[in-house]
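There are two complexes below, and they share chain A, which is joined by chain B in the first and by chain C in the second.
What follows is the complex of A and B.
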């Protein structure tokens, strides 16, 4: 029961960061290997606002999200658009995108190391115990979970019930056809990439409330987000959320039953099993 | 073998012979630089054997390299050194087979993701095993192997890699890989067993990286998970191969030499900004020299001709 609730709480934040990557990969077709660094940047942002200005993380997110949106939009517009234009096929764009974002991830790590240094960071906010079924849980964990749930629902509603969300989904299904029905594909992709980055950064800000982080931890989160996206199936929003909870559960189980140092091994095991059994993801269509 | 090929072969052999004389002239700084060059030449060339023709970007060099190193570190008191190198080769081959078989049936993206975390995964497992079953987190590799010997071992390995690469390029397997790289669907339709071809090449590439790690373990003396499985190794190998060019067997060498020298300078001058500068140079290469130095060298005569000929 302890594991179930703990895993559920962790899965909520994972869902948020994976949805960010899902938007970037599913719509903008960029397999963003710098996704985890964007998350860590969000975490550093929240830390900086909290320790420098005593600003509550929830308030800081209001500032971090638009900032991350602008930064990611600029990254897509200035750095990735040339690759999109150069690419002759989707496969080549994938390769170029992977290489470019891989380089960017190192630049981001380098920048964060230069600004904040190589130590571990954490801050204490809402560090009170809340009892759920007679088991104590940090209030910060629960608050972060609720916030990410609100974000996730808002995102899903926006994608499935608005006109701009529909445009995004159309580009995800077929960029050429979307262009034929007067959707501005380049602009929509840029927006999707920017929103994806902003969502990921907000996930980082929420994670920073209860997790210790350092400048070079991003790659672990990139991996987790990638694994979740593939588990859930590319382009499957509900699958992503379900896979995030699955990963949260698996990690919490391994961390509390075997060893906390083996969480990535747990994620990998899950990844391999799903790859072998259902190569298109748990909820992926068999087309 | 045609006359041109024989001439090339003799030239390459001469170059190797000359390079192998290095330890007779200097056993200090230049030899240590030579070992680094030989190490990255082995890693980058073996990386290109697989990733060049198929466009499957492997980020797992550190995983194989570290595994080889750990095989030597774990068994150095139990078995003779040559046996350990052999075991390292086998371990690397088995690891590559497992990774290849699970990921390469599907799409290239899954492969990239898998290799991205492979080094970290093995590092976690090794650390866990060490802290659970032993007391220390590192291993000492104390042997009487000198740096000159390591240099010659690496040069022999490099010669083997070149020979293997040449043979693969002139075999059915090499042709199959080039078709896969151009269009995997076409490759499958004309009857190429794409999964088998890819996995075979990945095994060769992974085995070489493991042996390379095993050969270098005596030089490092102290082996620790964070150093042996450092993602920087994978990253530098990819960057050097791309800088040199992945379409020719001799391409990576054109990237290894300038980049290793440049890196010597960067690491000495800006020790705190290495990550940042590495990322920046990576982006520059991806955006401005997508075909590498080898591509530039090959296109240069053509450009000259078109300018002169109008």
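What follows is the complex of A and C.
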């Protein structure tokens, strides 16, 4: 039972960071390998506001989200738009995007190392035990989970029930057709990339409430987000959320039943099995 | 007034010149057909007229007297031009309802969306029956209805249709042509590229003949239908069967 609850709590934050990558890859077609670094940047942001100004992480997120939106918009506009213009096909853009963002991840790691140094960071916030079914869980984990859930629901409602959310999905499904209904495809892609980055950064800020992190931990989260997005199916918002919970559960189960060092290996095993059985993801549509 | 004026349109793909100084005109409430063999440049003209293909210098597009040459596709739509391309360009993973809602995304169409939706659903009652169905699970004919319906949701003055009868059964094909006549009666102008030349000429008011990227004839469709060259090339010499030379 504690595995179930623990996995669920972890899955909530995973869902948020993976939704960020899903928006960037699904709509803007950028497989952002610097996604994990954006997450760590969000974590550092929360840490910095907390240790420097005693600002509560939930308040810090209010500042981190718009900041991350602007930074990611600038990254898309200045670094990635030339690739988008040059690319003759979506496939070529994907390859170019992977290479460019892979390089960018090193730059971001370097920047964070230079600013914060190489040691591990953590801070204690809401470090009280809360008993769920007679098992203790950190209040910070539960608070982060609840906040992630609220963000995820807001994102899903926005994407499925508003005109602008529908426009984003239209670009994801068929950019040519989107142009034919007067959607500004380039601008919509930039906005999707920026929102994706902001969502990932907010996930990082929430994770930092209960996780010890350092400047170079981003790549692990990039891998996890990648696994979740592929697992859930590209463009499948609900699939992403479900896959995130699945990964959270699998990791928690392996960590407590087998060995904590094997969590990433377990994630990959799950990933490979799903790819072999359902290559388009658990919820991917077959067309 | 609702009038699309294409002047001296030239299009090339690298070294290959696909269209050479073609001039065409479509007014509201008329159906105009472009006849031509495969590769004559028909689709290229429609794609360029929707802003999807760059036109060579010297070409010009005017909508109601307003110059929209070199504008991005979304401004062609806002000017009142809606294209249904040969591949239909529907949002396959989205529902019928979402496709139609996206059709009304252009600013010009938002206020009139409820009226246009009623018009589209009256034209294609089958779409009203299954608003929540994903379009990719529908038949070819139904997908064509979604594509045309979506184009009509953008409140177009001019509708560009590229091979709308492609892949449809003869029955659905007749239904489609009846729909086109009804669309014309709502004061929308239609520029039509159609392999079924006989049917197209029967419904059209005027037509252009395109050969190797050049407009070689343009006249009222009765005149074109009785023209010996057109009969030979596109209608079969006796006018009874379809023959694509």
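Convention: the second predicted complex is superposed on the first by the 287 of 287 C-alpha atoms of A that agree within 3 Å, B and C clash if a C-alpha of one lies under 4 Å from a C-alpha of the other, contacts with A are read in each partner's own complex, and residues count from 1 in each chain.
Heads up, the rule we're going with is that a residue touches a chain if its C-beta (ideal position, glycine included) is under 8 Å from a C-beta of that chain, and two chains touch if they have at least 3 such contacts.
In this text, all values refer to a predicted model and were calculated from it rather than measured experimentally.
S.K.: Which of the two partners, first being chain B and second being chain C, lies in contact with A:181: first, second, both, or neither?
M.R.: So A:181 only meets chain C here.
S.K.: Looking at the overlay, what does A:154 touch: chain B (first), chain C (second), both, or neither?
M.R.: Neither chain B nor chain C is touched by A:154.
S.K.: Looking at A:173, would you say it contacts chain B, chain C, both, or neither? Reply first, second, both or neither.
M.R.: second
S.K.: Looking at chain A, which partner touches more of its residues: chain C or chain B?
M.R.: Chain A has more residues touched by B than by the other partner.
S.K.: May I ask you to decide whether A:163 touches chain B, chain C, both, or neither, giving the answer as first, second, both or neither?
M.R.: Only chain C; A:163 stays clear of chain B.
S.K.: Considering only touches as defined above, state whether A:33 meets chain B (first), chain C (second), both or neither.
M.R.: After superposing on A, A:33 lies in contact with chain B but is clear of chain C.
S.K.: Would you check which partner chain A:230 touches, where first means chain B only, second means chain C only, and both and neither mean what they say?
M.R.: It touches chain B, and chain C stays clear.
S.K.: If you lay the two complexes on top of each other, which residues of chain A touch chain B in one and chain C in the other?
M.R.: The overlap between the chain B and chain C interfaces on chain A is empty, containing no residue.
S.K.: Which part of chain C faces chain A closely enough to touch in the complex?
M.R.: Going through chain C, the ones touching chain A are 50-52, 72-75, 77-78, 82-83, 85, 89-94, 98, 101-103, 105-107, 134, 136, 150-151, 154.
S.K.: Quick check: in the complex, which residue numbers of chain A touch chain B?
M.R.: It comes out as residues 31, 33, 79, 82-83, 91, 94-96, 98-100, 102-111, 113-114, 216, 219-220, 222-223, 226-227, 230, 259, 261-262, 264-265, 268, 271-272, 275-276, 279.
S.K.: Note which residues of chain A are touching chain C in the complex, please.
M.R.: So the residues of chain A in touch with chain C come to 163, 166-167, 169-170, 173-174, 176-184, 235, 285, 287.
S.K.: Which of the residues in chain B come into contact with chain A in the complex?
M.R.: Residues 55, 57, 59, 102-103, 105-106, 108-110, 112-114, 116-117, 120-121, 124-125, 127-128, 131-132, 231, 235, 238, 242, 272-280, 282-283, 286-287, 290.
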